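Labels run A, B, C and D following the written order; every chain starts at residue 1.
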Amino acid sequence: MSRIARQLSFIFASALFVGALVATAQAKDKVKVGFIGPLTGGVSANGLGGRNSADLAVKLRNADAKAKYEYELVVLDDECKPNVAVQVATKMAADKEIVAAATHYCSATAIATVDVYHKFGFPIIVWGAVLPDITYRAKYAEVHRVNGTMINQNDANAELISKIGFKNVAVIHDTTDYGKGHNEYFSKAFAKLGGKIVGTFGVTADQQDFTAELTQIKALNPEVIYFGGLTPIGVRIRSQMDKLGIKAVFDGTSGIVSDAFIQGLGPLAEGSLAFREGAPTEKLPRGKFFMENYAAQKYDNPPEAYGAFSFAAMDLILDSIEKVGPDRKKVIEELANVKERDSIVGKVTFDDHGQNTVAAITKYVVQDGKFVEWDDSEYATGKRKLPGQR
Amino acid sequence: MSEVMQKLRAPLLPGVVALALSTAYLIALLAAEKQPLIIGLLAFAVAAVLAAHYLGWLNLVSRSFADREDVLGVYAILAACVVAAFFHDNHFVLLLFVTVLLYTVATLGLNIQFGYAGVLNFAGASFFGIGAYTSAVLSTYTAVPHLLVLLIGGMLAALIGSLLLLPVLRTRGHYAALVTIAFALLLKTFLEVNDVLGGPQGMQVKGMSILGWSFNDNFEIGKIEMSFYLNYFVVSMLLLTGTFVLVRRLERSWIGLNLDALRLDEIAASCFGLDIARWKITAFLLGNFLIGIAGALFGMVGGFVAPNNYTFADSLIMVSILLLGGIGNPWGLVVATFIVVVVPEKLQTIQEYRILLYALMVIMMLLFRPEGLLPRPVRRYYPRWQA
Amino acid sequence: MDVGLLAQYVMNGLMLGMMYTLVAIGFTLFFGVLDIIKFSHGDVLTVGAFTALATYIGLRSAGVGSTPLLLLAMLVVAILAMAALGMLIARYLVMPMRSAPALNTLLITLMLGTVLRELVRLFYPQGANPKPFPALLPTASINLGQFNLRLDNALMLAAGGLAIVGLQLLLNRTKLGLAIRAVAQDEETARTMGVNFTAVVLITFAIGSALAAYAGIMNGLYYNEINFGMGLYLGVIGFAAAIIGGLGSIYGAILGGFLFAALQTIGTVALPFASAYKDVFAFTVVIALIAWRPTGLIQEKISERV
Amino acid sequence: MTYLLEARGLTRKFGGVVALDNLDLAVVPNEIIGLIGPNGSGKTTFFNVVTGIYGAHGGSITFDGADITRASSPAVYHAGISRTFQRSRLSLPLSIFDNIMIGNHKRLNQGLWFNLIRRGEFKREFEANYGAARTLVEVFEPQLAERMFEPVGGLPMIDRRRIEICRALINQPKLLLLDEPSAGMTHDETKELMDDILQVRDLNRNLTIIVVEHEMGVIERITERCVVLNFGRKIAEGPYRQVAVDRQVQEAYLGVE
C-alpha cells in the first residue's frame, strides 16, 4: 500500500513540478483571450467548429511576426445551458488576465450572460447567437455581435419566398428561443408581403418523429415548409417529408447552414433554401485564406456555418488589442468605433448597441450537395426549378 | 463496532485534523488554474483517501464525526468561512462555493425523501427550478421581501409536488420512479413551450436585497474589495446550517425512526400502527420544500432561470450526489456535492470529454464503493449519551 | 376527418408504436429476470444503429453492391455485436450490483448510457452530427388520397411484428424460454430446478439488446437519419411504455408502446392546444394512468408474501 | 363469558383457493391458545386477516367488544393487538432499540414540533423508553441489553426472535399473535424462548396469546387449549392431549382422506 502511496505522491510531485514549469514559461507579453461555446450536447458540432476557428485566428496571429503580443486562448463550454453559461461567463469575466472574448452560439446562453459581461466590464463579441434581444434588450458597451440578428435573416427569407411566387407556407419551429424567434419574425415579414401562414407547429428539440405534424401539414398542402431550428431536427424533418411524399420546398434558417445538413440528407438536401448573415465566406479575399488555413490545421470538425464569424470576432478582438493594448476599457472603446471594417464575413460596423449593422444576408440553395448562393444557382436562372416554382 | 468501542467516546482529534486538511486541500484545488496541477491535486486526493482508508484512519474520522458532531459542526462552518475569506474577491470561486452549498441543501431534501422514507424523486431539479422561477417572478413583478420569497419558493415546490402525491403514494419501486421522471420531463417541456414564464428564453432574476442591502454590489471591508457573492455565501451558509440541523434532528427523532421503518418494511411498520401515507407525505413535502427554498435562492444567485437549467439530467446529478455521499448521511452529502460540482468545473479544459469522464467516475464509484463515500452509521439519538 | 388522413395517422402511430414496443420489451425482459431497470437500453439501440451504419459503409467501400446482402450483413453484425454488449453489461455492471439497492442499478445503467452516447458522439467520425442512414428497402408507394403507404414501412411493420411473435414463441415454446420464465417467476425455485441462473440472465440480456439493435436499424431505415441522441429519448419512452403496460409482461410492453405512440399522435392532432404540448399531454396521461393502475395496466406477477 | 377476540364465519379466498372457510374462533382473556394444522391450513392467513393485512371476504371479527373486521393494520395495533411474523420482519440496518421502538409507536409522541424543536422533552421521553426497552430485553437476554445500539443485522436468529417479541410486547398489548416463534431455531433455543415468553406473561398477567406452531412440544407445554385448522376449517378444538388423539386431526396431518 505505502508503495502505491509513494508512487502516487511522486506523480503528484511531478505534476506540481510540471505546473511550475508551465507557470514560469509564461513570457511577459502574453495576453489571454477567451472563447465560449457549446462543446458538449446536441449542437456541439457548431461549438467545436467555432472553437477551432477562434483557435485558428489566435494561431495565425501568434505566427505573425509583427504581432505585439503572444496570445493564449482560454476555452470554456457553456453546454448551451443558461445556468452553465452564467457560471463560465462569470469565471471568464472575473479572470482579470483575460482581456476579451468571442462568446456563445446558443441565444439562450448569450441572453443569460450579457448582464454578467456588463457587470464585470468584460468586452465580448457574440459569434453565433441570433436573438435580437442579446444586443438590443439593453445598451451594454461591453456586448457586440458580428453576425446579424434573425430579423434581417427572415426579412430576406420572406422576400425571396414571395419573389419566387410562393403564397402558402407552413411553419415548423423548435420550441427553443431560437426556433420561436424565427417563427415570430418570419411570420411577421411574410405576412407583410401578403403571404399566408397556413399552419404553425412547435416541436421539441430532442424530438425524433415528426410524421404526425407533417401529416397535418400535408393536408394543408403548402408550397413551402419553413423550418426555424437547427440542423439535427432539420435533417429529420426533411427526410420525413419525403417519407410522407410531401412535395414542398424546404426553407431553412441559418441553423441548417452546415455541412452536417447536407451529409445528413445526401440527395434529399437538393433544393433546400437557407439564409445566413454575412457575405459568403468563400467569395471574400480573406475567406479563401481562412478556408485554406482551417484545412491546413487538420481539425477533426469542419468550421460549420458560424466558424467564419467566430474567426472574424476573434480577429476583431486581436486587432483591437494590438492597437490599444491588453486593457478591457480601451478595448471596449476601440470596438465602439469599428466602422466599415473588412472581415472574412464582409464589412463590419457596430451600431451603438454593438450590433453589426452591415447585415449582408446570404441566400443559399442546396445544389448538387453544396450550399450555393441563390443568385449564382441554376434555380435563380430558372435552369432548375424548385417544386412549385414558376 | 464492538460495544467497548462504542462506550469510550471517540476522540475529537481525527475529525479536526481531517477538517483542517480538507480545508487546506479545498483552497489549493479551488485556487489551482494550471491543468497539470489540478490533475495532480485530484490524483493526490484519491491516493490520500485510499491510503487513509487502508490505514484505518477514515474509520477514526467518521467515528469522531459521529460522536463529536456538535463541536465539529461548528468547526466545519468556520472552515467554510475561512475558504470564503481566502477567496473574498474571487467571484467565480465564491459562485462555485455558493452553488455547492445550495445543492447540498437540495440534496438534503432529497435525502429526507429517499434516504429516510425511501420515496424516489427523480424530479429534484424540477422542484429546484420551481423555487427558482418563483423568485424570478416575485422579484420581477412584486415587492415581496426577499427572505419571504425564499419561503414561498419552498412552499410552491411542496404545493406543486403534492399534485404527485396520489401516484407517489400508490406506486412502489420502479413504478414510483416513472412518476417523477415523467413529471421532470413534462415540466421542462411545459416551461419551454409556455411563454408566460419567459418560455425557452427564461427570465432574469433580480439580485437579493434585504433591508436595503443589495446583494449584487461588491462592497468593501476596511480597504479590501469584497466580491458580492460573499453576501450570498453568508445566506447560503445560514440556510445550509439550518437545514443540516433540521435534518439531523429529524433523523434522531421518532419521526426519523418512522421514516426508516416504513422504508425498510411497510407491512411490519403498519402492523405497529404506522400511518404509511401520513409519513410518506410528510417526507415528500418537507423534502420538496427544502429543495424549493434552495432553488429560490439559487435563482437569485445565478440571476437567470431557463427551462433547460432544470432537466432530467440535472435531477440525476442530484440523485448521484445522494448515492456518492452515502445515502442517509448528511456529511457524506456535503463531500459528494463538492466533488460533483467542483471537479467537472475544474476539468473545464478537457472540454468535450468532461461529461464522459464524469459518467465513468460515477460508475466506478457505484462498482467499488456502492455504499457511498460515508455510509450512514446506525442511529444514535444522543451520540455521547450513556444510560 | 378525411379517411386517408386518418389512415396516415394510424400508419404513423403504428410505426412509432412498433419502435417503442421493441424498446419496451427489452426493459420488461430485463426486469423479468433480474427485477432491475437497465436504463442504458436506449443507448444500446443507438450503438446498434451506428454499428449497422459502419458495417454498411465498410462493405460499400469494400465494393459490396447487393442491397439484400448489405441489409443482411448489417442486421447480423449489429445484432451479434449488441447481444455481446448486452451480455458484457449484464455480467460486469448489472449482476455485481444485485446486492446493492435497485436505485444503484438504475443509476449505473443511466451513467453507462451516458458513456455509450458520449463515445458515439466523440469517437464515431463526426459523431456529433446526424448521419444519413441508407434506404435499403423498396420504396414503392401507393397514394390513396392523403394516405401514402410505402412498401418499406409496411415491410418494417411486418418485420417488427415477426420479431415480437418470434420472441413470444421463444419464451413459450422452448426450453430456454421455460428457463427464462422460471427465473422471472422465482429465482430460488428456478435454481433448485437446476436452471443455470447466470446463463439465463446473460442470454436474456443478449436477446433484449439484440432487439434493441433491431429497433435501431429499423429506426435508421424508417427515418433515414440516425444521431447520437436518438437512444436517450427512445429509452425514456420505452421505459415509460414498459411501466404503464406493467413490468415483466410482454403484452404490457406491447400495449404500453402503442398506447404511448397513440397519445403522442393524439396530442399533436386531436387536441386544441399547440402541438408542442404533446409530450406534456402524453406524460400527464402516463402519470394519471400509473396513479390509476399502480402496477401497470397488465398487473405485475406476484404480490408480497407475508 | 365475554371473549377478548371472537371471529365468526370468517372467510378469505385467494383466487379459487379458500384459505379461511367460515371459521369460528373465540379467545377468552388471559388464555394461551395454540393454532395448529398442516401447512397451508390457513393459520397465518388468520393472523393476516385479523391484523388487517388482508380484508375478510365474509364473517366478522370483534376484539375487546369492538368490531375490527374492516379495521386497518394500524387501527388493529392501536386496539391492542401485536404480532410477530413467520419470516422475521425486523429492520436489519436499525439498532435493537430502534426495532423495539417501532413496536412502541402508539406510546411515542409523533408531533413534528415536539420531535424537532422541543428536544429537552424529547430527551426525557427517549430516556424513559430506553429504560423500558432495556428492562424488557433483560428479561430475554441480559447481554442484549448491553448492545441496544447495535444493528440487529449482526445478531443470530434466536436474538432476532427475542427482539421481535420484545417489539411486539413493548406496548403492552392485550393480545399477542405469535407466528411460528420456533421457526429456524433449535429445540433448546425454542424452549428458552418459550420460557422467556411465559416469564413476561407472569409480569403482565392480562396478556392473551395466540401461537401458531409446528413444534408440538411447544404447543403441549405452553397452551391451555388449541384449535386445529385444515383447509381453513376448524376440525378440532380442546386441550392438546385431547386434539392430538383426534382421528380427523391425525388424518389431516398424515394427509389421509
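Everything that follows uses one rule, which is that a contact is a pair of C-beta atoms (placed from the backbone, for glycine too) under 8 Å apart; a residue touches a chain by one contact, two chains touch by 3 or more.
No experiment lies behind these values; they were computed from the predicted model shown.
Both subunit A and subunit C are touched by B. Note on connectivity: the fewest steps through touching chains from subunit B to subunit C is 1. The chain pair with more C-beta contacts between its two chains, of B-D and A-B, is A-B.
Averaged C-alpha coordinates give centres for subunit B and subunit D that are 42 Å from one another. In whole angstrom, the spacing between the mean C-alpha positions of subunit A and subunit D is 73.
Chain centres here are Cα means. That of subunit A falls 36 Å from that of subunit B.
Computed from the mean C-alpha positions, the centre of subunit C lies at a distance of 48 Å from the centre of subunit D. Across the assembly, subunit D contributes 53, 85 as residues in contact with two or more other chains. Residue positions 274, 276, 279, 306 of subunit C are each in touch with at least two other chains.
Within subunit A, the positions touching two or more other chains are listed as 44, 48, 175, 202, 204. Those residues of subunit A that touch subunit B in the shared complex are 1-2, 4-5, 8-9, 11-16, 18-19, 22-23, 39-40, 44, 48, 51, 75-77, 80-83, 86-88, 90-91, 93-95, 107-108, 111-112, 115-116, 119-120, 131, 133, 175-177, 180, 202, 204.
Residue ranges of subunit B in contact with subunit C, taken from their complex: 114, 120, 164, 166-167, 170-175, 177-179, 181-183, 185-186, 189-190, 192-193, 267, 312, 316, 319-320, 323, 327, 352-353, 355-356, 359-360, 362-363, 366-367, 370.
Across the interface of their complex, subunit A is touched by residues 2, 5, 8-9, 12-13, 15-16, 121, 126, 128-132, 141, 143, 146, 148, 150, 153, 219, 222-225, 227, 229-230, 232-234, 264-265, 268-269, 274-276, 278-279 of subunit C. Touching subunit C in their complex are the following residues of subunit A: 42, 44-45, 48, 175, 200-204, 206-209, 211-213, 215-216, 218-219, 231-232, 235-236, 239-240, 242-245, 258-260, 263-266, 268, 300-301. Listed in rising order, the residues of subunit B touching subunit D in the complex are 1, 3, 6, 246, 249-250, 253-255, 257-258, 260-261, 264-265, 267-275, 282, 378-382, 387.
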